[in-house]
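Since the structure comes first, as C-alpha cells, the remarks are kept for the end.
For reference, chains read A, B and C in written order, and residue numbers begin at 1 within each chain.
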Amino acid sequence: MDRRALTPPPVIARTTLLVLLGLLVLVIASFTSLDMQWGELFSADALRSSREFLGGFAPPEMAIPFLRKVAQATWETFSMSALGTLLALLLGLALALPGSGRFGSAARVVVRLLLNVLRSIPELVWAVILLIAAGLGPFAGTLALAAHTTGVLGRLFADALENLPREHEETLRINGATPMTAFCYAALPQILPQLLSYTLYRWENNIRAAAILGVVGAGGLGQMLKYHLSLFHMQQAATVILAMLLMIMLVDGASFWLRRKLNGV
Amino acid sequence: MAFELRGIQVRHAVAAHAEVPDALHDITLSLAQGEQVALIGPSGAGKTTLLHTLACARRAESGEFTAFAVAPWLMSHAQRHALRARFFLAPQTPPLPPRQRVVTAVLAGRLPQWSFWQAITSLIRPREAGAAHAALARFNLQDKLYARVDRLSGGERQRCGMARLLLSKADALLVDEPLSALDPALSLQMLAVLQQEAHARNATLVCSLHQVELALAHFPRVIALREGRIVFDLPSAQVTPDMINALYQNEHTTLPEVADKASYCMGTPC
Amino acid sequence: MVALVALLLLWPMLQASEFQPWILFDKQSLSATWQFLSGFVPPAHSPEFLAMLMAATWQTVAIATAGLVLALLAAIPLTLLATASLSVSRLESGRMRSVAVLVRQSARWLLVVLRSVPELVWALLFVRIVGLGPTAGVLAIALTYSGMLGKVYAEILESSDTDASAALLRNGSGRLAALCYGALPEAAAELVSYTTYRWECAIRGSVIMGFVGAGGIGQRMDESMKMLAGAEVSSMLLVFVLLVAAADQVSSFMRKRLL
C-alpha cells in the first residue's frame, strides 16, 4: 500500500464563517430583544385561558341565514382574488416588455424600479392606502391585490423574458418584423405556459391575501371575521375561518389542476 | 453457506409491468462463504435483479432464500435492516451525490457502524479520513480525497464507489458492472483490488460482468443468466466458447477483439 | 373550455367585488387622495420619530427571525415524517407499510392545515390569547411557516435524485444518516434557498401582522394611517421598502455565499 501523505483538509473560507456567525448573532439577538415572556406563555393560567378561548369556537355557527351571508362573503372574496390576479397578469405582461430591456435600458431601469416598489409593499398596506381613494369595500381589495401582484408577476415575467434565448426573435427582427410582432410570434408562445403557471400559483397566494384584506375594511370574509371577533362571537368566527379554509383549499386544488393541464399532464 | 436460493421467482418492479415475464424465474443456487463468482449474461437477463435479491433489497414472490443461515424475509423489519449491514450492494452507476466531497462520499460506507451523532460530526470533520485515504490509494486516487464528486471523470467515480465498498464491513460484496467506465488496465486493477479484499475478509463476492474473458480468466466460478433463468453454473474451466456464443446469441454474434473491447465496454448499457 | 367558464364568471365577479373604477375619479375621493398624498412630501424625519422608527424596524426583523427559527424547528420532524423517499419498506416492495403510510398522511395533513390558515388569522387569534405585542406575531409566523417549510422541504427531498440515499439504505445505513449523506448534499442548496426566501416573506408578514396589533412597523403604520398622517406614513413606507430590499440583498448574498 502506498504511504503517500494525507492531503490536508480544505479550510472553511473565512467569509463563510463570518456569515454563519452573523446568522447566529441575528438569531440570538432576535430572541433576546423581544420580550416574549416564555414563562407566562406556558403558565397554567395562560394555558387555561387559551383552552377556554379555543373551546368557545365549537360548535361553529350553522344557521342558514348566517351561512348565506358567509357564502356571499366567500364569493366576494373569491371574485376579489380572481379579478386582482387577472388584472395583474395583463398589467404585468405589459410592464414586462420594457422591463426586460426590449425598449432600451433606460426604460428597463425605470420599470424595474416601479415593479420593485409595487411588489415590496404588501397587499394589506396597499389596501389601507387605496381605501382612501376607493372607499371601504372589496374594490379597494381588488386594486390592492392587482397592485402588489403586478409587481410580483411583472418582475417574474421580465426575468423570464430576459432569460429567453433571443435567436427566434432576432431572426424575425432581421427579416423585418417590428419588436412587438417579433415578441408575439417568437417569445410569447415559448413563455406563455410558464407565465400562466406562475399566475395560477400566484392566485393561490392571492386567495389567502383576499381572505384577510377585509380585516382592514376591504370586504369579504376578512371583514366578517374582524367584526365577529371584535364582538367575541366565537362560533360565527369559527364558521368564517372554516369557510376561508375551504375556499383556500378549493382554489389551491383548482390552480394545481389547471397547472397540470397547462403542462400537458 | 453464505447464500441459499431455491426456486426463487422475482417479478419486475411493481409500478411498471403487469404482463411482462418475471425478472427471475426458478433460480436455485448456493454460494459458500468466501466464494468468488462472476455473473454473466445478455442485457436484461436479470443480473441486477439477482444481485438485489441477494442483497435483501428485492423480495422474491416465491421460493426460499437464506443468507448467512437465516431467512431474512421471515425476520422483523428492524432485524432485516440490521442484517443489511452485512451486504454491500454496489450499483453500476456510482450513487455518489455530485456536490459531495469524495472523502464524505467514501466514508458513507461506514454508516452502518456509526451512531447518528458520529455520522453528523463526520460531515463537518471526517472521522476516518486516513482510512478513506488508504482505500482511495489502492486505486491511485488518494489525491482526490477532498475533491468534489462532480469534478471526477466517470472512471474515477466508479473507483470511488468501490473505495466505499472497501470501507464497509460487509461479508457479502454484490457488485454490478464495476468495469463499465474503465479502460483495460484499470479494469484489471479494479478486479484485482476487489478480489484481494474479498479474500482478505473471507467475504463472498458476486460480480456481474459484460467482459466475458475477464470473468473466465479471473473468477473460479461463473453463473450465466438469460431471460431470468440460469443457463449454466460451472467452474470457469468448463465453460466453452460455444456456450458463451449460445448465451449471447442474438446479442452479438462473435466475441469482439480485445482491441475493440474498450469502446465496446464504455458504451454498453446493462 | 376552461377559458369559456372563466369568461362566463367574469361579469358576476365584477359585480360581487363592486368593481367600479369610476369611483377612483369622483371628486370626493380625488380630493381625499390628494390631501393624503400631498402630506407624503416631505416624509417625517424628526429625530424622535426616526429613533422610534428604527426601534420598530428592528422589532419587525426580530419577530420575523424568531418566528422563522421556531418554524424551522417544528418543520424538521414534520418533514421527516412526511417524506416517502426515506421509507425502507417502499424500497423493498415498492409500497410502504400501512403504519408508515398512515404516519406520512397525517404529517401531510397537519402541514396542510398549518399552511392554509392565513397567518393574519393566527395573529388575530393570538392577539386575543396573549395580548397585543410581538409575541402574537412570533407565534403566528412560527405556526404558518412551519407548514410552508415542511411542505416544500418534503417536496424538495422527494423530487431530488434518490439513488444516493437508496443505495445507503440498502447497505444498512439508518434513515437519518442516509438523508444526511445521500439526499442532503443535493437538496441543501434548494433548502437553504427556500428558507432564506421565507425569511424575507416573514419580514413582510410581520409588518402585516402589526396591523392587527402584533408589534413592529406595521402597528405604527396602522396608527399613523388612522390619523391620516401622510408624512409619517410616507416615511414608514420608505423605510419598509428599504428594509425589504435589504432583506432581499442579504438573502441572495447568503444563497451565493453558503453554496
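Simple rule for what comes next: contacts are C-beta pairs under 8 Å (C-beta built on N, C-alpha and C of every residue); 3 or more make two chains touch, one makes a residue touch a chain.
Computed from a predicted model, the values in this text were never measured in an experiment.
Chemist: As a test of whether you follow the contact definition, which chain pair has the most C-beta contact pairs?
Modeler: Ranked by contacting C-beta pairs, first place goes to A-C.
Chemist: Of all the chains, which has the CA centre nearest the overall CA centre?
Modeler: Centre-most chain by C-alpha means: C.
Chemist: Per the centroid of Cα atoms for each chain, what is the distance between subunit A and subunit C, given in Å?
Modeler: 9
Chemist: What whole-Å value do you get for the distance between subunit A and subunit B if each is reduced to the mean of its CA atoms?
Modeler: The mean C-alpha positions of subunit A and subunit B differ by 50 Å.
Chemist: Two or more other chains touching the same residue: where does that happen in subunit C?
Modeler: Residues of subunit C never touch two or more of the other chains.
Chemist: Which subunit A residues touch at least two other chains?
Modeler: none
Chemist: Using the touch definition up top, name the residues of subunit C that touch subunit B in the complex.
Modeler: Where subunit C meets subunit B, its residues are 88-89, 91-95, 97, 161, 163-164, 166-168, 170-174, 176-178, 180-183, 185-186, 188-189.
Chemist: Could you pull out which subunit B residues touch subunit C in their complex?
Modeler: 13-15, 55-59, 77, 81-89, 91, 93, 95-100, 104-105, 108-109, 111-112, 114, 116, 119-120, 123, 168, 170
Chemist: Which of the residues in subunit C come into contact with subunit A in the complex?
Modeler: Going through subunit C, the ones touching subunit A are 2, 9, 12-14, 16-20, 23-24, 29-30, 32-33, 36, 58-59, 61-63, 65-66, 69, 112-113, 116-118, 120-121, 124-125, 128-130, 133-135, 138, 204, 207-208, 211-212, 221-222, 225, 228, 233, 237, 240-241, 244-245, 253-254, 257-258.
Chemist: If you look only at subunit A, which of its residues touch subunit C in the complex?
Modeler: 15-16, 19-20, 23, 26-27, 29-31, 33-37, 41, 46, 49-50, 53, 75-76, 78-80, 82-83, 116-117, 120-122, 124-125, 128-129, 132-135, 137-139, 141-142, 208-209, 211-212, 215-216, 219, 222, 225-226, 229, 241, 244-245, 248-249, 252, 258, 261
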